[in-house]
Each structure stands twice: as structure tokens, then as C-alpha cells.
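What follows is a single structure, written as C-alpha cells, with notes after it.
Order as written gives the chain letters A, B, C and D; numbering starts at 1 within each chain.
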Amino acid sequence: MDKLIFIDYHKCVGCATCEMVCSMVHEDICSPALSRIRVVRYPTEAFNVPITCAFCESPPCVSVCPSGAITKNADSGDVAINPALCIGCRQCVQACPFGHANFSLDRGTAFKCDLCGGSPQCVEFCWTEALQYVPLDRALGGKRDAAARNILKSG
Amino acid sequence: MRILIIGNGAAGNQAAASIRKYSPECEILMFAREYYSEYSACALPDALAGWIPINKTYLKTLADYEQQKIKTCFGQEVENIDINNQCLEAGDKKYGYDCLIIATGSRPIIPPINGSLLKGNFVLKTPRDIELIMEHKPGRVVVVGAGNIGVETAGALRNRGCDVKIVEMQDWVMPLLYDLKSANRIRSLLEKENIGVFTGERVIEVQGEQRVERLRTDQQDLECDTVIWAAGVKPNVELARQAGLKIGSLGGIEVDKYMRCTHPGVFACGDCVQSLNVITGKPSLSLLWSSAKRQADLAAANCMGQSYEYEGNCSVVIEEIMGIPCIAIGLNLQGLNGYEVEVIEQESQDLYYRLLAVNDRIAGYQCIGSLDGASSIFTMIKKGTSLSEARRVLLNQGLISTMAWYIDSRRYF
Amino acid sequence: MKRIAVNIEICDGCGVCQLVCSAQKAGQWHPSFSRIIIKRDEEFGLNVPIFCMHCSNPPCETFCVMNLIYKDHDSDLTLRHEDRCIGCRACEIACPFSAAIMDPISEAVVNCDLCGGDPQCVKYCPAGALAFIDISEAADKKRRQTAGLQILEASRKL
Amino acid sequence: MNDYPGKILEVNLSTRSISSRKVEPELIKKYLGGIGLCARILYDEIPSGADPLGEDNVLVFAAGTLVGTPFPTASRTEASAKSPLTGQFGTSNSGAFFGIQLKTAGYDALVIKGKAAEPAYLVINDDEAKILNAGFLWGKECWETVDILEQKHYGAEIALIGPAGENLVRFASIENGRYDGWGRTGLGAVMGSKNLKAVAVKGSRGRNIYDTAAMLEAVKKGQQLIKSASSYMAFTEYGTLNASIPYGKFKATSAHNFTKGTLPDWKDIGGRPIVDKYGSRHVACQSCIIACGHWAEIKEGKYAGLRIKDLEITPVMSFGATVGLDTEAIIKASEICQRYGVDMVSAGGVLGFAIELYKKGILTDEDVGFELDFGDDEAAFKLLHQVINREGIGNILAEGTKRAAEQFEQADRYAIHVKGMEIPFIDPRGRWSTWTLGMLTNIRGGDHLRCRNPVENLRYNDKDEAYMKERFGFKKPMYDRLDMPEELKSKAIDLENDTVDIPEMSKWAEDLINLYNAVGICIRPPVMEKVGPTIIAEACRAFIGIDINAADLMESSERTWNLIKLFNLREGEAVDASKFPRRFYEEDIDGNRLDEAKIQAVLEKYYQARGWDRKTGRPEANTLDRLKLDDLDN
């Protein structure tokens, strides 16, 4: 994957605008339960963890899916669910180590992040910059910069 | 929206039921030559054997069609489809459609040889056939063809106390499903049940005065009063051909992966189409109940505006002979002709299994003696799991704990 | 929508769930009559209870030659008209989890029906490995208690 | 496809009956949601003269119209009931995540009636609602209760009361989860009087969007507007604490129960440094793009280990200025208020009042049992706990300053309240503005949150313009961008002389904030400055699909305001109730005192602007007619 949704947990304030926008874009509905990205809040820590698909190299959801509905595209790195094949057994929901794979009770099929076809709207609407859709090296570069600045400050 | 369905078999009825899931309201008309309501072809051997009453093979009553709001035009042959004007003709009436689903099914092959029309020749395709066979009071039966229908029919009539023989043209029983070694196990099971099995013999003619008296093969004469033809089936494609739809190389209607025929608004599914095999990706005829229903689901979904792709067919056939379960999934060596096949097999007193893999991918499975783990293997074959992926999961505690359905297949890897 | 959830870490494979299920459903105390099956992986010492997942588009429904498997509209459960079963076992093979089992007494293939909303296996699980909970709640819990917590803890160490 | 409006869930605790009904689309068009729905339900369903702590009082939670969408700051839920503190329309607004759960469970409003025979709590899970026994929770403090209920009802958001609410302290709050709350007007006591410990709501559905593309557009526009506000950066950084600096400078804080104007160390305790010292992270409510909440941690000293989401101007001033506590004690005080469920403004007011009484000798050692002084945190907390538990003198103070003052001779002049509700940190003697007039005209009494000039300029405290006008102080582009009808804009703002007409702006500001409270967005200054009725109408149209424009929204908001006024009049609001405590007219702060006659003149003009009769206080017939409020039973 040339780009990924890079999450800076320390910047997230837990406003969950991303959840709302995601469910709106994909389902025409405002429902956190139908959002691909989910924010886990730890109110007593003031810490918020947005969770979205990691597009794993060897995704457990792909392995566990008994119907072959989830596939990883070797070229683009995309992990996608084919609703025609999905039998709705929710094994992917159980297998995903991040709790990302989600399930629509209405449609009876699983769903997951599709990066909005290349322009993720959660990132578009995230105002804190906790979510960024950037190439991996840039995300890491930003992290390195921040670490370096910290060292500089304390040094 | 008006949807016409030709055919009242598994595919036709499943398509209708599936359309109802998408739209409770749209108009569905179903045409069928026969005047039956839907029956289960797979339950016919059980009925023939007397394990279940014949009326139990019917899956629906006419009232059920009404309840699903399906208008039935049964007993009415569709004479012509005018695909350009989106309508069909049946019984001097024209019916326009928005979508047409062809599910005309297949019919048993009776070779054009001498005596094949004599009284005492039967097929097993409809519940009526059972009645005809039973009215004939069979005593000594020869079943032509040792496919799964042939074997089941033989077992069923044996259960009725008949003296039963099976004649198979190819060298072993169920040649499309099993390899020689596993087929031999089945053969010995059949023989234990006192069914005579003659393989590598070609039927030449049926002899008799008024009725069947003898069946002649290229090797011997078999005395009998009944011949049951189970030598394969053939897709019913005449209507489609006449309408100008393309018929594929194997004799089935050609459809794309969305179950669309070569003309817009026309879908086809079930025994009458040729579809791609999930393993080889090559066209094949999958004359199975489950394939028909799956294809019908997709045809229905796609005619209701989805674009769902068919993953391809994969055969799975289960038999129980002398109480021993036998199962064949995917392709056998013959089906994988031209590929380099890796065989994993194990043999013991009560159990024989073989697993076939092509390019690391699990492609076929045959087992005599147990059904354990078969469902995992079936899942893997359909899914295209490789041997190495299965091993990777099975060797990783973290993975296997959330993917418990792999556990049953451990013994094969 | 409530379903049975398993905590694999806790399950010690005692099989009480199977006995309870078989007694409840078949009137016999025998694991092989149970609709909940414990898959045991000896290599890793894993015990994983498996039962009908009540798939939304169940493959068993497609494979049933008698069309007797259906999705119940209200409860969204996968149920059967057991009286019509001819015991062909196609559903058993179609089910990836082999969660359909042959009832040796009625000779029909059957699956878990969640005991009509009060699953006895959950009630009697001595280890507490089985829970009957809302599926979205289970997913939320997992998100919170595994993925999120790991990140939280990692951030605490920073 | 749209499923708005949703349903109203009605729970009668006396009969233990639970029912729901679809909201009429007409009602939504007329009252929007949030406070609008609350006002209409309270007006219709509370019998005149009902005891606020009796069975007849009705408690309503209503999520704003836009709650459940990503529209920036749309998170807020209004809670209303007849107030035990003021005897009038009691209402309070809170953000966080309660509203979104209520909305996604399918409800626009939750109506609670009657009184449970035994302690109970309410669990709502989509269509399923249950009244459960709360015996095991009764007496427990809020954080512990939330912990227990979160375990029991996973993923639910919880509105609850603490011991203060159970003990019917008249300014008890309803807490919204751990750190937020419906603070003012004593709604916690209403819940306590109903024997209702908590409401846990969990929703798993959502609201269909009428026009997704238009909604996304409106959300984006809303976000950009708020981000472009002049106060945006300061607010994301320091939250409401921004106000402490100018008000300290103006000597307009509530220092030592409004005797000092400001404390010498206000810069250290009240200012933005507190964020730099104790704040570590920002925390947002649902859909908020400001995240003014700060997570505070005290690492050393007496209160080491205290971790809390707060650092807001209200507690900081309430305890820092009124009671004179130091910063760490302020944070501790916030914690006590959150844990035991009391309103921080009223709690600070009551403590300040008691301390002053003690210092003046009206309260003696015998009354209190220990020494009281401004700045003494231990004594203050001891007294606060007595109030919460209604022990000793606390039992009298728990009635609120107005009622408590009646118990002591000469105490009246030290009771700082309007219409029975304690005044927050702003001293109108130090700075007179639209904001401070709002404390008088407020439908819920002495409070600063229902009226504020959307373009208030805190750099100026121009006393020359006193009473009728305040300084505008912005350039023309700001004037041009202001989302206000042109006619009103030119009437309210005089660009040439650079002034704002206070009565005219008051009406607009009240209606605007009331609109926010109806649609469920936040009144933080960056929102007030930029988000006007036009963009809200755009969002409402896209979300609900009803044909509604900016003028309709403002009219609906005005309708609600008038309805609440009618409610208050019905419940006996006196014509002359809008007055400040005597101290503001009689005692100087920094050489300033208020001129009562001039304030009456401002009020006169305000009444004109509202279309109300000054003599009776009632909205005039043509006002009611214009607002189509003629369908009320009276």
C-alpha cells in the first residue's frame, strides 16, 4: 500500500466526527454502529483510540473467511469484502485483532474500510489531524520529526 | 417490474424466492411444461427405496406459490422467446417481461439404441418416474451408468429386494467423482450389498419381445426385466438456442459471471447453463442442486439491480453405501487432467482418503468412511485455500484459536 | 441481537455444555447428541466450542435438497423444518463450521436454535467461557478490551 | 427516505408504564427539538402550580435536532423540568455522548413522569426500555455508579444523580457520565424526588440523512466557518478559560462573594496558566471541532493523583473567585461536585454566601461548628459535604441562597441570585454588556449561558456607552459576515459610532442561543461568532428534508422563548422579578455600582423588542399571534 490512514492517538480528542461522516458516506445514515472507523474512548484516561483497517499483510479476516468473500489484492494491498460471497457468519468480526471488521444486521453482510476508493472521508473531516492519509514514509517521517523535537526540547 | 421464469425446478423456484427477498411486490410469472409443483430430485432415490413416501419429495404445494405471489403457468410449453421485443409466447399468448430467467434444467440421456423404447426402460427424474417403476414391479434390474444417480438408484432398488446390476462404460464407478483407488472401495461396498458392478462395458442393445428381457453389452448379456438409464443428463437449451442466445461448447447456455445470457435482460441458471469451475476456471456443467440454487440466487440478485459475481461451481457429492459415508469434493484426477497434481492419501481398514492439490491449492478430496473434516476441506476448496496457507493457520496457536473451523482438517496437513 | 460468544482463553473443554445440550435437545446425556461441539486441538491444547453461527446467508440453506432450512424473519435465526429432513447430510458439509449435526434418534440433521432465547449451554458453562450477548456489544468490548487497551497501555509507557 | 422525527419515549415511574409515540412532524417544524420540545412538553404536561419535587413534575431530556450528525458541535441535549431552585422553568444543556445515544436509539426526547416507589434506574436499549431496581446504587457517588452501570450496560451513556440529588439539594445536578452534567436549576433534585438514580441509554441504529451530499457540504462549511472564527485558536487551546483574563482585568469577577471585583492573584488561579500547568490533553464532545475540554492531572501536593476532565471557567471562577480557593483546590472542588452531583456555580455561590455570613457574624461558630474563611479549602469542602448530605447548617444551605437567606436576619443582601438562581462569575458592575443584561432577562434566572452577544469584543469595557449600548469594536468585514437579517443588523449595530444596541442584541442573542439549544449545537464563542441560522437551516434541510429557512428557525426559537416565558408567568413569576441583588446597586466595586433606574430603562426597551407588555410581563396578543402560540390550553 503506498498510502495508509495514519493515526496519531495523542491528537485524537474523541469527537467521533469520523464515525458520523463514514456512516453517512457509506450508508446515508448517521450511526456510529454502521461506521467503518470506530473511536474507542477511555474517558477516565482522556485517551481516544480510533480503530480502522490496518490492511494487514496476512490478514486474519482473509484466512478465517469461510466463503472467500474477503480477499487481499496482492498489487494494491487492498483488503475488500465481496458482499455477493459473504454468508454473514461474522467470523471476520471475531478474528480481526483490532475489532475493525464490522457487521450490518440489516444487510446481513460484513463490511470494512474501503478507503472511500482512495479519498477517505474520515480523514477529510478530521480536524485534529489525528487521522492522516499519507504515504508510509511521510507518516514515519512526521513521527521522527516529533521525536527529534522532543529530544531537542529536553536536551 | 415483471419477471418471467421458465422452469419450475430448483433454480426456477430459488430465483423466485430470492427475488421476493429484494422486492415483495414485483410481478413474477413462472412457466413450466409439467404440472408438478416443485419437487426434490435428490430425494427421489430415497423415495424409490421406500425410506420416504413419494409425496414427501414435493417441496411446495400450489398454495405456496400463491403465498409467495408467484403466478404459475404450469402445463404450458413456452413456444418462443422474442428477446428483441422482450416477450415470450406460450399457449397463443404473449407475455412481456423486464427480466427473463431461463431455468429449463436438464433431461436424462437415453442413447438411441435398439430396444431403448421397450416397456421396462426407465429414467429417474421425476416423482412420476418412481410410480412408473413401482407399477412395473421390477425384479431384475440393470442400471446403466455408475454415476451418483446410478449408484443411488441401484442401492434404492436393492433395498426394495430387487436383483440389481450396474453397467458402467468407464473403468471404475463414479468416474467423474472418484479416482480408481477410492472407486474400488466403493465398488467393494456395492458388491457387499450384493449389487453386481460391471465396469468398462458398453451397452449395445436392449432385447425383448413386448418388454425388456435382456441387456446386451459388448462383453455379456444380462438377463433383466427393467433397465434404468442413469447415463448422464443433458441441458435443455432448445428454447434458448431458438431465441438466438449463445450455447456454449459443452452444450449449456452460455452465461457470464453475473449469470447473464448473451442478450440483455435475460438471465439463466441451473442445469441448463454452463458455468465456470471454481478450481480450474474453465467452463463446466455443474448438474447439482446446490449449484442451481446458488446460481439462481445470483441471477435473482442481479436482475434486481445488484452486480454479484458467481464464484464458480464446485461439486460435492455424498453417498451412504452400506452405512458407510462416501464423499467426493471438487475435482478428481480426471478433472484435473493436464495439471501437475500433488496427492496426499491415507488408507486404513475403515478409512480411505485422498487430497489433491494443484500448484499448492487444494483442488479435490475423496473420502470413504467418514465425513469428519470434509466441511473444512470443502470450504477451503471453494475458497481457494493453499496447502501452505492451511498449514500456516494450523501451526499458529493465535490464528487457529480464532479460526476453529480449520481444526477438523488438521489430519490432512 | 444476542448470540453465543466464546472466550477461548477460559474454555477448558470440560464438555458440560455438550451434556446439557444433548439432555435438553435429545433427552440423552451424550456429547455426540449435542448441537454444540467442542473442537479440540491437541497440538496447542485448544478447546473451541463451535455451534451454529446463524449466518445471514447460510450455505446450508443453499445446499439443502429439501429446502427445509430457513431464516426466521423475526429472530434472524437459521431454523429447520426437521420433520422433512431426509438425512442427506449435505448441509453438514456445506457448513464451514460443521455446526449441523445428525440427531441419531430422529435421523434428521439439526442445528443450535439458541434454546428459544435461553441457551442452556451458556447457563451451565462452569468456567464462564460462554456468554449470551448482543453481537455489536461483543464487538465493542473486543475493540475496547484488546485493540484499544493495548494502544492505551503502550502510550502510558511513553 | 427519512425517519425524522423519531419518537418520544414516555416513562411513568408511578405506574411503571413505558410507552413511545411518534413525534408529529408539525411539532418539529414548530419547535425543532432540544429545548423547543422540552418547553412544549413541560408547558402541556406540568399542571400549574405543581410542586417541583412532587410527583407531578415532568423531567424531559431532548436531544437537539442536529444531534446524531457530524455537524460541528452537534452533541447537546437539553434537560428540563420545573426547577426546585427557582420554581420556574428549569433547564440545562449538556454535551458529551448522551444525546447521540438517545438519538440513535430512535428517540428525540425522553419524558419522565411520576415517582418510583423505590429507588429505580431506567435502561433504554433501542426499542427496549426497562425500569430496574436501583437499591444497590442509592447513596453511591456518581463515578462509582457510572463504573457499575457501564459494566452492567455495556456501551450505554449514563445520566445520573449523586447523593446531592438523592438528598434533594435544590441545586443538585444531573451528571452526564463522569465529567459532564446538566448543572443548573437543580434538575438533580427533581430526579432524586422521582427516586430515579440513573438513565442508561444505548442506541445502535442511526438517523437516515435526507440528502447526504448536501449534509456533507453543510458539515464542511460549518467546520470551515468555526475554524475561521477569530477566537477559534484561543478556544481550542484554552477553552472557556479565555474569558478569565479580560474579566479579571475589568474587575468583573465574583471574587469573595462579589465583594472584591477581582482577587490579587487572579492571574495565577483564574487564567490560562492553569491549562499550561495542569492540562495535558483536549477532550471533545460528539462531533465537536473545538475540544475545549481539558484533562487535568495534579501530580503533587495535597491533591496529587487527582485526574479529571474539566478546567472550565465556571468552576474555576466559582470556586477560585467566589470562594477564593487556589488552583488545586478548585480542581478538587470540581471533582467533589462531579462525584456528588451538585451544580458548581450554585455550590460556589452558596459557599461564598455562607462564608460571608460567617465573616459578618450572621452565622456563628455555633451554627457552623467550625471556622469559615475565603480561601480555606478544607473548611469549604467540609461545608460542601454538609450541604450535599444536608447535615447541620448544610441542611439550610442546600435550599439555595435565596431560601437560606430567609432563615437568617440581615442575610438577604449577601444572597447573590436572580430569581433564586445563583449568579455565575460575571459581575455586571465591572462590565455591563449584552451578556450581563442577559442574566436579568434569562428565562431560567441568574445565569450567563442563555444570552451573549455573538460578536462580543472582550478587549473593550467602555463605560461611556453604559447601559443602552456596548462597544462593537470590529471592522466592517466582521459586520458584513454576521449572519443576521440586514434590517436587524443595522438596527442593533451602529457601525459609525461603533456600538451595539444592548436590548436589540439581547433579543437576537437569546433567540440565537435558544436556537442552538434546540438544534443541539454548542454556544462556545467560535460557534456563536460564525454559525448563524443560515447554515443551521442548510444543515436541517439536508438532514431532515423539511423546508425551513433561517427566518423560520429564528421564529421557532423565539416561539420557544415566549412559551417558556408563559410557563414562568403561569408558575407565578413576578413582574419585577428581573432584578439584581441589592448589593449591585448599593455597593461599589472599583468605584462602580449599577443604576437601577437605567437598568429598568434598558429592560423597558428589551420588552419592546420582544413584544412583551412591561406592566404585566406577558407577551402581547399580537406577539403570540405572530408566533402562532394560540394553540396553548390556558
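Methods note: contacts are C-beta pairs under 8 Å (C-beta built on N, C-alpha and C of every residue); 3 or more make two chains touch, one makes a residue touch a chain.
These figures come from a predicted structure and were not determined experimentally.
Novice: Among the chains, which has its CA centre at the largest distance from chain B's?
Specialist: D
Novice: Hey, how far is the Cα centre of chain B from the one of chain C, in Å?
Specialist: Between these chains, centre-to-centre, one finds 31 Å.
Novice: Centroid from C-alpha atoms only, then distance chain A to chain D, rounded to Å. What do you get?
Specialist: Chain centroid spacing, chain A to chain D, equals 36 Å.
Novice: Between chain A and chain B, tell me the centre distance in angstrom, where each centre is the average of that chain's C-alpha atoms.
Specialist: Comparing mean C-alpha positions, chain B is 43 Å from chain A.
Novice: Quick one: report the Å distance separating chain A from chain C, using the average Cα coordinate of each chain.
Specialist: Each chain's C-alpha centroid was found; their separation is 29 Å.
Novice: Mind pulling the chain B residues that touch 2 or more other chains?
Specialist: Each of 379, 402, 405 in chain B touches at least two other chains.
Novice: Identify all positions of chain C at which a residue touches two or more other chains, and write them in rising order.
Specialist: In chain C, residues 96-97, 136, 140 touch at least two other chains, as defined above.
Novice: Which parts of chain A, given as residue numbers and ranges, touch two or more other chains?
Specialist: Residues 10, 33, 47, 66-67, 91 of chain A each touch two or more of the other chains.
Novice: Give the pairs of chains that touch; include all such pairs.
Specialist: By the stated definition, chains touch in these pairs: A-B, A-C, A-D, B-C, C-D.
Novice: Looking at the complex, which residues from chain B come into contact with chain A?
Specialist: By the definition above, chain B touches chain A via 298, 301, 306, 308-309, 311, 379, 382-384, 389, 392-393, 399, 402-403, 405.
Novice: Taking the touch rule as given, give the residues of chain C at its contact with chain D in the complex, in rising order.
Specialist: By the definition above, chain C touches chain D via 136-137, 140-141.
Novice: So in the complex, the part of chain C that touches chain A is made up of which residues?
Specialist: Result: residues 1, 53, 55-59, 76, 96-97, 135-136, 139-140, 142-144, 146-148, 151-152, 155 of chain C touch chain A.
Novice: Spell out the residues on chain D that touch chain C in their complex, using ranges where they run on.
Specialist: Chain D reaches chain C through residues 154-155, 204.
Novice: Taking the complex as given, what residues does chain C use to touch chain B?
Specialist: 8, 39-41, 43-44, 46, 48, 50, 62-63, 65-67, 84, 86, 88-90, 92-98
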